[in-house]
Structures are given as C-alpha cells and as structure tokens.
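Chain IDs A, B, C, D, E and F follow the sequence of writing; residue 1 opens each chain.
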C-alpha cells in the first residue's frame, strides 16, 4: 500500500479534522481474534496500516493461513489512542479480504473435485476503489484474479460484437493492442467459438452456456485439433452447486462473479487486554 | 461525487495509460436492465459518472424505487467507446448499492412488524474507501446510516472502558467533544446501562445482549423514569431471524452489521441495442 | 497531520521545483521564541512538520500553556538547510493558532465572569483550507469548536426557514439525519424559539438578539418547564464588550465569529544560535 | 482556481460523505450583501466556486471596487441546495480577502502621504495553504505581494548570515540562483547595508531599524552614488502609526506583516430572497 | 487525459499562485505551425488542454498524419491570456510526442525493408511520469508500445534469473500470474532460449545477441518445430543502422530503447495572428 | 522529492494493483554501472527512491561528477523484490538527468572557449511533469536553469508584443509584477532592443538573430552606455556548432532549447551480483 492510500483509508474513518481520541496515548496491548473459521487475508495490509501508526505487532499467521474461531491472529502494542484509531479500518480490511479468500478457497476445493487442474477466477465485479484488495484476496484464497481492468488484457464481449461484429472486433483488437497482451473473446455458442478460434485469439470465454454445452464445445475443439495453446474459460451463473460440473467439462478456467459480489465478511474483533 | 472521485474510480478500471477502446466513438445506444427484484440505489452516482463521460441518459426510476427483474433502469446514448468505458463501473455502483438498499429494506420491513417506529441502523463495517456510498445505500433502503466515522459522534466502547473506566471515559468525552455532538455509550449489562444513564449521555447501546435482556433493560429504565430524552440502541448478532424480536423490545434503534458486511449485490446488466 | 498535508503546506513555501537552499546541510541549532504573552497553540503541528524534515526538537511547553514574551518555546537541532526550510511554515502555524487560542482564552475569561459554566464557541467563519487548525486552536484556548462543517450536525438557519418554513425544515431534517446527530435551529424571536422547542430539537440558537432579549427568552423557557435537556446558544454581534452580559443571561453557549475572523497572530521568531 | 482546489475547499465544509442538504433543489435566488465599507476582493474566486456548483450570478462590482455597507455585491440564482452549499465558503473567501485588501488600501493611502511612489508589500506571514489568495488580496488592495515563497527570489536573512557570513551567503546565492531571479539581503545596520551593496545585490532590506536610521542609510547610499539601480526596502514593526514616516525616508518599499497577520475580515452576508 | 492530469501539467508552468497573465482576456487568434517534417502526435492531448482552458480550435490534421515544415497544424481562438497560458504546454506535448512518433516511423520503415511483418516495439526507458504519452506516441508512429509496466505482462530478465534460476523463475511466474497475462523470458544464448521454450512461455526475448546469432536461433527453433505459437523478440543495441538486418532474421518483434531515450523533439511554434 | 512524487513515479511502473514481484524478499546486492562517459545527475533522486523502498546503498560519486564507462555508480543492498521494483525507475532518472547534464556540460565547455564568463541557460521546452528534474540536471551540468515557469520571472515575448505592443506590455508587466521579480523582453532587432532598454527592463533577449547581429547589438548598447546593470541573453538556433561564436559576442547568457529537447540519455544498467 502506498502511504497515500493508507491516509485515504484512515481519513475516511477519522474525518478531516475534528477527531480527537478520548483514550490517552499511554501504552496498551490488544488482540485481534477470529470469530469464524476461514482463510486469512488482509494481514499484510493490516501490518502496513499499523506501521504507519507506529503500532507494533506480532502474529503467528500469514496471509493464506487457515484460521479457526478463537485464534488470536495478531497481538498489537502501542499508544492506546493509536490502537483504537486503527481498530475499525484494520478489522474491515481483514473482514472483507478474508471473506473473499474463504469463499474462493471453498469454491476452488469444490471445483477441484471435478478437475484437479482447474483455475477458479474472479471478475471485475468489485467494489469501486477496492478492486486491488479484492483481487488479491482471490489469489490468497487460491483463485486467479483474472485481468485487473480494461487495460491489461483485451476481452471482446457481447457488446463489442454487437457494435462491431466478431471479426472486425478481433482485427481491431489485434491492431490496437501490444503483442505483449492476450486477447480473449466471449462467445455464446459453439459456432461463435469456432469462428473465434479460427481468428486466432488467446482465450475463449464460453459465456452463459450450460455445463453440457461447455462440455460439447470443449470436446469439439479437441476433436478438431484446435485445443492446443488455447485457453478455455467458462463463465456465467457458476456457483457452489454447479462449479464441480463446470470444472469437469475440461475447460481451463471457470470465472465466478460471486467471489466478490456475494462474499460475506469473515468476523474478527479487537480486544484491549491491558 | 467530486470529479476527483469519479476519475479515481474510472482509473481503477481503465488503468493509468495504455487503455485504448477497440470500439469506435460512433453513436450508440444501450440499456441497463435489472436481473433481480429489489430496491434501486446508486442511480445518482451512475448519472454523475455518465455526465463526466458525456454520455446521455434517461430513466423512469429514482433511487429508492422498487424494481423488478427485467426492468430497464436506464437508457444511455453516446459514443460507443465511452459507453463501454462506463459499463463496469456503473454496474458495480448500482449492484453494490442496490444490494445494500435491498437488504436494508427487507430488514426494515421485518423489524417494523415488531415495532412500527424502530430505526434500523448500519455500522462502520464498510468496505474501505466506499463507506460514503454504502451508508447512503442504507438510507435509500430506509435505514439510518448511523455515525459516519469516529469524528461525527462519540461512542464509548468496551475497549475505551477497559482502558479508562466508564466514568472517566464519559467525563473525558464530555470535555473533549463539542456540545454539538452526541455521546453514546456501549454497555453489556443492565447495571452498566444504569450507570451510563446517570452520567447523562445521549444514547445507550445495549451490546450483545439477548432480546429478553434488552427488553428487561428498556422496561427498567422506563420504570425508573429514565427513558425520557434517551435513545436506546440494540446491537450485536441481529439478523433476519431475530430483528423483529429485538425491535419489539421497544428500543429506538437496532443496528445491524450485516447491512454492509453480508449484503449480496443486486444483478444488473448493460446491453447495447444499436 | 497527514503526510500529504505536511507536503502540501511545505510546497506552498518551497515551490514545486526550483528551490535550492543556500545554507548547507551542516548541523545547526535554533530557538523559537515568543515575542508576546498569550496561550500557545500549534506546537503539536510544528513537531510533526519538524519530524517530517528530520529536525530534532525539545520543548518545555505544551499546547495550551500560557507563555510570556521572551520564552524559548522550542529548541531545534538539525541540518541548517532543513531548519530554514521549516522556519516560516512553523512560525505561521504557531502564530495563527496561538493568536486564536489567546483571543479565545481572553473571551472565555471575560464570559466566565458572567456565568461560570458558559461555553464560548467558534463558528465556520474560518480561513478556507485551514479550519481544522483554527477549530483546534479554539479548543486549546478553552473554547468549544462548534460543529466542524455542514455534515456533523444540522443547523436550520434563516435561509433554510425562508426557503422551507420552520416546521417543514425541522421535519425534513429529522427524516434525513441520523439519530446520532443533533439538530439545531436558529431563531430570531422568542415566538420562533417557542415554536422550535415544541418541534423538539436539540439546540436553539438565539441569533442577533440583544442580551436583554436573550435573557427574557431563557427565563420564559425555564418558566414553561421547557429548558430541561435543551441547549441554548446566543450568537450574533458578541464581542469583548458584551460577552459577559450575554453569558449572564444563563444560556449554555455563546458563539463568537471573531475568534477566527478577527484574531491577530501571536508573534514568534526563530533565531539560529549555532 | 483549479477544480482540485475548489473541491478541496468545498469538501472542508461538506465533509467526505454524509452531508445531505435539507433544502430542495428547486430554483432560488439570494443576495450577498456587504455589512461594512471597504475594498472588495475574492469576487473572482467566488464566481469560480459558483460556476463549479452550476449556480448563476450577476454583479455590478469587480475586485478592487470600493464598497459600502448595504451594497448588494452579488445576486445568485440556482438550486436552493447548491446555493446553501456554497454560502459559507463563498462568504469566507470574500470576508478574508476583502479584509486584507481593505487593510492594504488603508496602509497604502497612509504611506502615500509620506511618499507618492512608495510600494507597500506583504510578507510570507500567511495562513498555511491560503497564501495564494492572501497575496492576491494584497495586490487587489494596491499593495505588492512580495516574493511568493522561498523559490521565486532569494532573500538572505539574519539566520543565513549567522550560519554562513554575509559574503559567503551572497556568493553562494549567486552561484546557485538563476540570473532570472533577484537577490535581496536583509541588513540590520548601515555598515552591513554598505557591505551588501558592494557585493552587488538587487534589493537591500533594512530590517528592524527606526525610520530615522532608515533615512540616514538611504541618504548615505545616495551620497555615495550607490542608490542607482538598487531597490531599498524597510521592514520590521511598521504599522498604521509609523508607515507614513517610514515611507518618507525615500525607500522604495515598506513591507508590512500585519497586512496578513492582523487583518480583520470584512463582513458579508447571504440572504435568500425567493 | 484526466482533469487531474491537465491541472498537474498546467500548474508546472503557471505555478501555484502568483502568476497573473499580462495579456488581457480579449479575443485573439493564433496558429501552431510545424517547423520540421515528421509524424504528428500529441494533437489529441493538445485539444483536451485547450478544452480545459475554453480555447477553441480547428485542425485539418489527425494524430499520425505526415506533416511538413510550414504546415499550420492548429488554429486556436479564445482569450489572449488563456492562449498564452496554453502555449508552452501545448508545444511541449506536440514536440515530445511527435519527435517519438517520427523516429518510430523512420525505424519502422527501415525495419520493414528487411521484414514486412516486423513489429518495432518500445521499452520502459521513458521519462518518469510521462510514459503514457511516450508509449502512445510509439503507437501513433506505427510501433508497438510493448508492456506498459511491471504489471501488465511478466518479463523474466537476467536479474531474475541470477536471483532465482531460469526454471524456478518461470515456475514462480506461472504460479503468481493470472492466466490472462503473457510471460516473456529474456535470454542471452541459444541454449537458454531452448530451455525457456521447453518451459512453455509466450515470448522469448533474444537479448544483446548479434543479428547473426538471432538468425541462427530463429532457424533452430523453426527446425525443431518450436516456433509455432511462440513470439520471438530481438532486443539490445538495435538502431537505424542495423534494424533492417535484425528485422530480416525473421523474429516477430524488435524492441528499441532509442525510440524514447534518444528521440529529438519535432519543432513547432505558436504565433498570434490577431 | 516529496513522498507523493516518489509514489506517483513508482506507481507508473508497478501499476495500481496487480503487480506481485516474482523475486523473493531475500537479501540481495546489485550494482548500477555506467555504460558511457558523461556527467552524473539524478543520484540524489535515486537515493530518495531507494530510501522509500528501504533499499540501502553506497556510492563513491556525487551529482556533477564526471563518470566513465564501467564505473560502478552505486551499490545497493536489500530485498531482491524491492531492488527489482526500483530498477527501471532509478535507471530512468539517472539516464534522463545525466543525459541532460552531460550535454549541458559539453555546450558550456564549448561556449566558454568564446567567453569565459558566459552562462548557458535552458528553456521551458521540457517534458511535461518532469521539468523540475530537467532544470536541475542543467544546473548540475554547469548551466543556468533559467526561469522555472511563467510565474517566477516575466518574459515579454513576440506574442505579447503582437497582442499589446511593446510599451504597453512593459507597462502592464511592471504594474502587475512584484518588485521582487525581473522583467525580460524578447526582441528581434536592434531597434527593438533599444526601445526596450529605454523602458528599463532587467534582461533583454536577442531572439533569432545571427551571432553577427547580436555582436552589433551588444556593441551599440555598450557604446551608448546602456550596458550597465543590464543582462543580455542570446537565444534561437544556438547549437554545438555556433555556441562559441554566440558566446564571443559578449552577451551574458546564451539559452539553448536542445539541452532538454534533444539530449540523449546516458546509459546505465543494474546488475544483481549476489
């Protein structure tokens, strides 16, 4: 985290000016404890925030660790006023990020039952201004963050195709994009998938198909010898119930919006102990 | 939204430099459609983002409207490249904010079954950097945003009490806080509540009590004639199942962390139509 | 102070780029001395600025201390170039803030002659961009900063009443404001005050009345048994000459624009001693 | 003003998030009226703030105009909510800047009685973060803003001389400063002034001398034929009482800290009229 | 360009506060003229800057156009003060960007003599803070901007290999990078290239080899049937003299640091015409 | 450098979010080596960037030192991941700044052959956003940075004269500019130069004249006794071939746009050594 970001987040809670802590600056100690089982994320960010506030800490955990209810994740020591200034921001970071990491981990485990090499990827359905941390939490939970934004990979989506046509869009994408970036095309039928493959793109996203349709599509591409060097991603409506089935279609990636748009926070609390 | 904020959020998706839309700047039209029933929020923000990008729009809805699956929330018209630049940010704002507004609305309705005048309030358990919009979504959903941060009201919490003692903390708070701000105390027992009331504070938060304990506490304060001019808030572990019961204890406010930490997004999509 | 703020203030004096100190970085020592008697404020900010510049300091004073002409407030030691870089900014902070604290202290002392429990409050008549420090200086001088801005308490003023009517404005304020915030109404007559009290607000500001009118209004409210739990504030045209009289009307608060709009700076100078 | 600055100043008053105007967005009209006689400044800034908020305005005045109590400076028309959002910031800009312009004008008039060509200059004793507007107000009031900061002209002050010696400091300044910038030396005696002149600098500041000493110094330099092409500035302890006397010493400039550190605001108010 | 960026660049030239244009705001007209032949770039940025300053413009050119000495690139009309405020920034944008576009165009033309399908790519050797525009100028000149920074593609360079070993570095890169990004490896020998190909990466950079070595390497990979789906890039010491030879080795890309680190500006001037 | 600037420059290379170094944080050592002979600049900035990243360094050089190909400029030690994060930014700073310092040094040496006291100055033809460092590099190379922007000195140029006339422009400049700033006039003929001198300005820029014309103009001014206290600057079309001749005209300053618009970078590389 940049210093600028830490200050931005702290200021959201302490305001621009009139906040004066009631608690004195005398030395105190507090513990951050997990209230639920899950996968820890956000610890690195919490440490950076505490560093900024000159609060010391020790922890027996690392991001990605499996934690249980009651685990003391972090012991902090410093000025009481600064510990309480940090409290809510720190818990919000760990709560939101660990919630995503935990849900990702659960979905990854379920998907792996259908396909041991499957990747479970996120989407851009993230909270505005917090994508960086939500994508990171997906990685910590064992998922793939997928492209970060519009700029680090090209995806030709249904709206592009409606506006430009598939071939035109791919041609334009190849012209305007550096050779260092991948081009992905979102298709909604096997026929469209075949056309996209012929136009030589790096990734095909099979969007809003049933698992059965995805399976057919994968098999067809394999049969035609078009699978090699091509990454296949299934997307749309994938959740806990069907992720194993989608994974077993032999696609390379399943992408799941709920990793970020429906993850509940993991519960943590901070308690002053002296 | 400040221009600075709009640019900050847009830049998260388009990156700092290398993004070039594939789609041309020719005139296009698209529709934003609801995929689920719920309460609309984020529309005002969406309009400001579209204004920034010189994309025109019309809508038959307002924030707070009840929407149904299939409703066309917004019709936009402008340069294709700009519409697609706006797409994800706009959907993320509406998805996150409407999800919170919808959950708030549901909980408010349930709580009102127990107490027609009850307020359902949020907490500071919000996504770092996005509190402003999450608090606003609570208001749109019929809830009370509660204090915004550490600076616009004082709450003496368990950690303050551990560090300073109840009386000392209240005295210090009164000294250091302007007469224009309220002082709230979080208590965990009826005895503690009584002590806080004697020390004359504006709001008492009954934290982590059962609904039965809350009820006893409210009755006792009424019986002692201490209820007048005092606001009582119940908090801790309140959810869909028990909110009606908590509301019927005759407290003034129930505050519910899940409004922000466990709300799922409401689904929206944008489709180019010409 | 945030690092961002320190850099913003320093940059105002050193410019964006072409400033090169003439003085070398060799170790030097300097003293900051008071040139007038008054109440010290700004010391905490000065220390943060010096920390940023890696200049060391020691001081026998704290914010709020009464200082006399000739007192050495701070001894600083560090690179000569950095001490001179800090000089003007540091003196400006102490000069402006101590000026306000000193004037506040004087007015508080005068007001207390009329009413030992009176609060002397500031207003929002502050230098744009520097309110945070001006409000803090009021507190250091023994005053009450009053609300910080439009967002941390609601005041229904004459312009609101002209646009909406008193009752409508109060109703709207109650609907749109969290229960965690106070609502104040500015009235210009006893009749208006009575109406506002009936509509149950937290604070009544008696604006631009004479001390005699204020006194009548307070007595009437007491006689009607409406004083309890209500905060009364007198405002408008209060200065050194009449503050004692206003204070003796038995209002709770007098608010005084001149604390910020007419405070002269307290004089300080920095002298290199080796 | 940059958009970034307007947003920074507005945000100070409206907060980062929870402010919702009570007043509706329906069309309103208001007048800004002067409550005292003086010299108007800040009007240009007020217009830029109103532009940002899409509030329309008309005015029969310009910055620098002499205004009288009761004059309607500006009539504004727009959404009631936006007019009230602007109110305090707009009045603060005009109050602070006009206060400085008015005091400058008074001192300039007094000084001109002693010397028709005298310049009355400000100093760097300005409110942190607001120098730009305070310097501009000096110019509007007929004064000279003096250098803006450490970077646009070099002044060798007593602390520089203590650390480096006069000659060494001048030599160093000439080496490290572009030929496009002036070099000024602050001296405290006639002897020191003579030495500085010999070392060829652009401006000599006669600091903390009496008017009589300043006069002697000016005469001596003239007698020695050293006055030509040299700018002489008197500084230190100059106020309303003695500025005419200092001006009549035949220096070119008198600089006066009180223009910014002791100017009272000029009073303005805004009243909704429909 | 974001508004924030335009203000940042303008402020560099006009300073934070004390700049007052000498020229009045009366309507003027000026022309921007090319002083050399080349490829135009920066026009889009210039238009955005002029929009910000409310200066109107018309132009018969577009970015990428071939221009000749004496061509009037842009006619602008607006307040004289604003035109002169824009002048230097606008010329600097066009001068720097057109210089890069022109050099890129020249190198692309030379390279195409050796290989009609060759891509000429830039590097990250760009002016800090201005990469976005330098990369864009490369694209306008017919080149490929290459990856923007460390984040949008992975390149395993000599320093990575020294720290981790080739295989370890590739394994680690694959683990920590999304499937949406390409992985490139920089090699300095044919043996190393072969090892990298076996480890399945997307791009091989043949660094600091002679054209002859590059040719051998390409041929060997083709002979072994490893060329398919692999992108080969030659880099290091490529300039005007040898780019044709490198291009003719049948690599896909040559990357050339001099596009940004040694491009001279193209000359433009602005002349007021009425 | 401000922390804000360091973060801005680093973020350009590492992106806003998705960058994860492949290399571990284990302790490493690397050397930065010069690949060409020249004058070192940017070292101070490099140290500040390394400080920010907690990378340690040692160096036997200082800015302004003459370096040779193969010289190890800096040895750095720290976390491998942080060293590689710094690499490109650090090399870009040193490459760009040393390139300018080296070219400046060469031109200064050549000019001094014609006039031992000549100053070689830069212009405002700098890369947007990087002027501060490019001006500094000119100073390190022995040149004069000239005014930084529009705000720290006034230059009346051809466009001002076209819009306002010479006398009017000078009068206006004197009125609106503080006595602490210099006024320069750009003239294109001897007649114009004479007129400007009569109007008493600080600097005359002889623009786009031949060296012979410049010489005539200087002699004429000397003959008329107008040279004293006046700075003469020649500008326009000055380069390596003619700078000695221009210098020998006895002007005080020659200003040279190519110092910034045509300087090639000096080559540096960073190599991990353990």
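Keep in mind that, in the parts below, a residue touches a chain if its C-beta (ideal position, glycine included) is under 8 Å from a C-beta of that chain, and two chains touch if they have at least 3 such contacts.
Predicted model only: the values in this text are computed from it and were never measured.
Looking at the partners of chain B and chain E together, the chains they share are A, C, D, F. Contact count check for C-E and D-F (C-beta pairs in contact): higher for D-F. A separation of 32 Å divides the Cα centre of chain B from that of chain C.
Inter-chain spacing, taken between the CA centroids of chain B and chain D, is 46 Å.
Within chain B, residues 3-4, 11-12, 15-18, 20, 131-132, 139, 145, 148, 151-152, 176, 178 each touch two or more of the remaining chains. Because contacts link each chain to all the remaining chains, their graph is best described as complete. Chain C contributes residues 2-4, 131-132, 135-136, 139, 145, 148, 152 to its touches with chain A in the complex. By the touch criterion stated above, chain F contacts chain B in their complex at residues 11-12, 15-17. Listed in rising order, the residues of chain F touching chain D in the complex are 119, 121, 139, 144-148, 151-153, 176, 178-182, 184, 203, 229, 231, 252-253. Of all residues in chain F, only 3-4, 7, 11, 15-18, 20 touch chain A in the complex they form. Put simply, chain A touches chain B in their complex at residues 8-9, 12-15, 17-24, 28, 30, 80, 84-85, 87-89, 91-93, 95-96, 99, 124-133, 148-152, 154, 156, 158-160, 162-164, 169, 172-173, 176-178, 258, 261-262, 264-265, 270-272.
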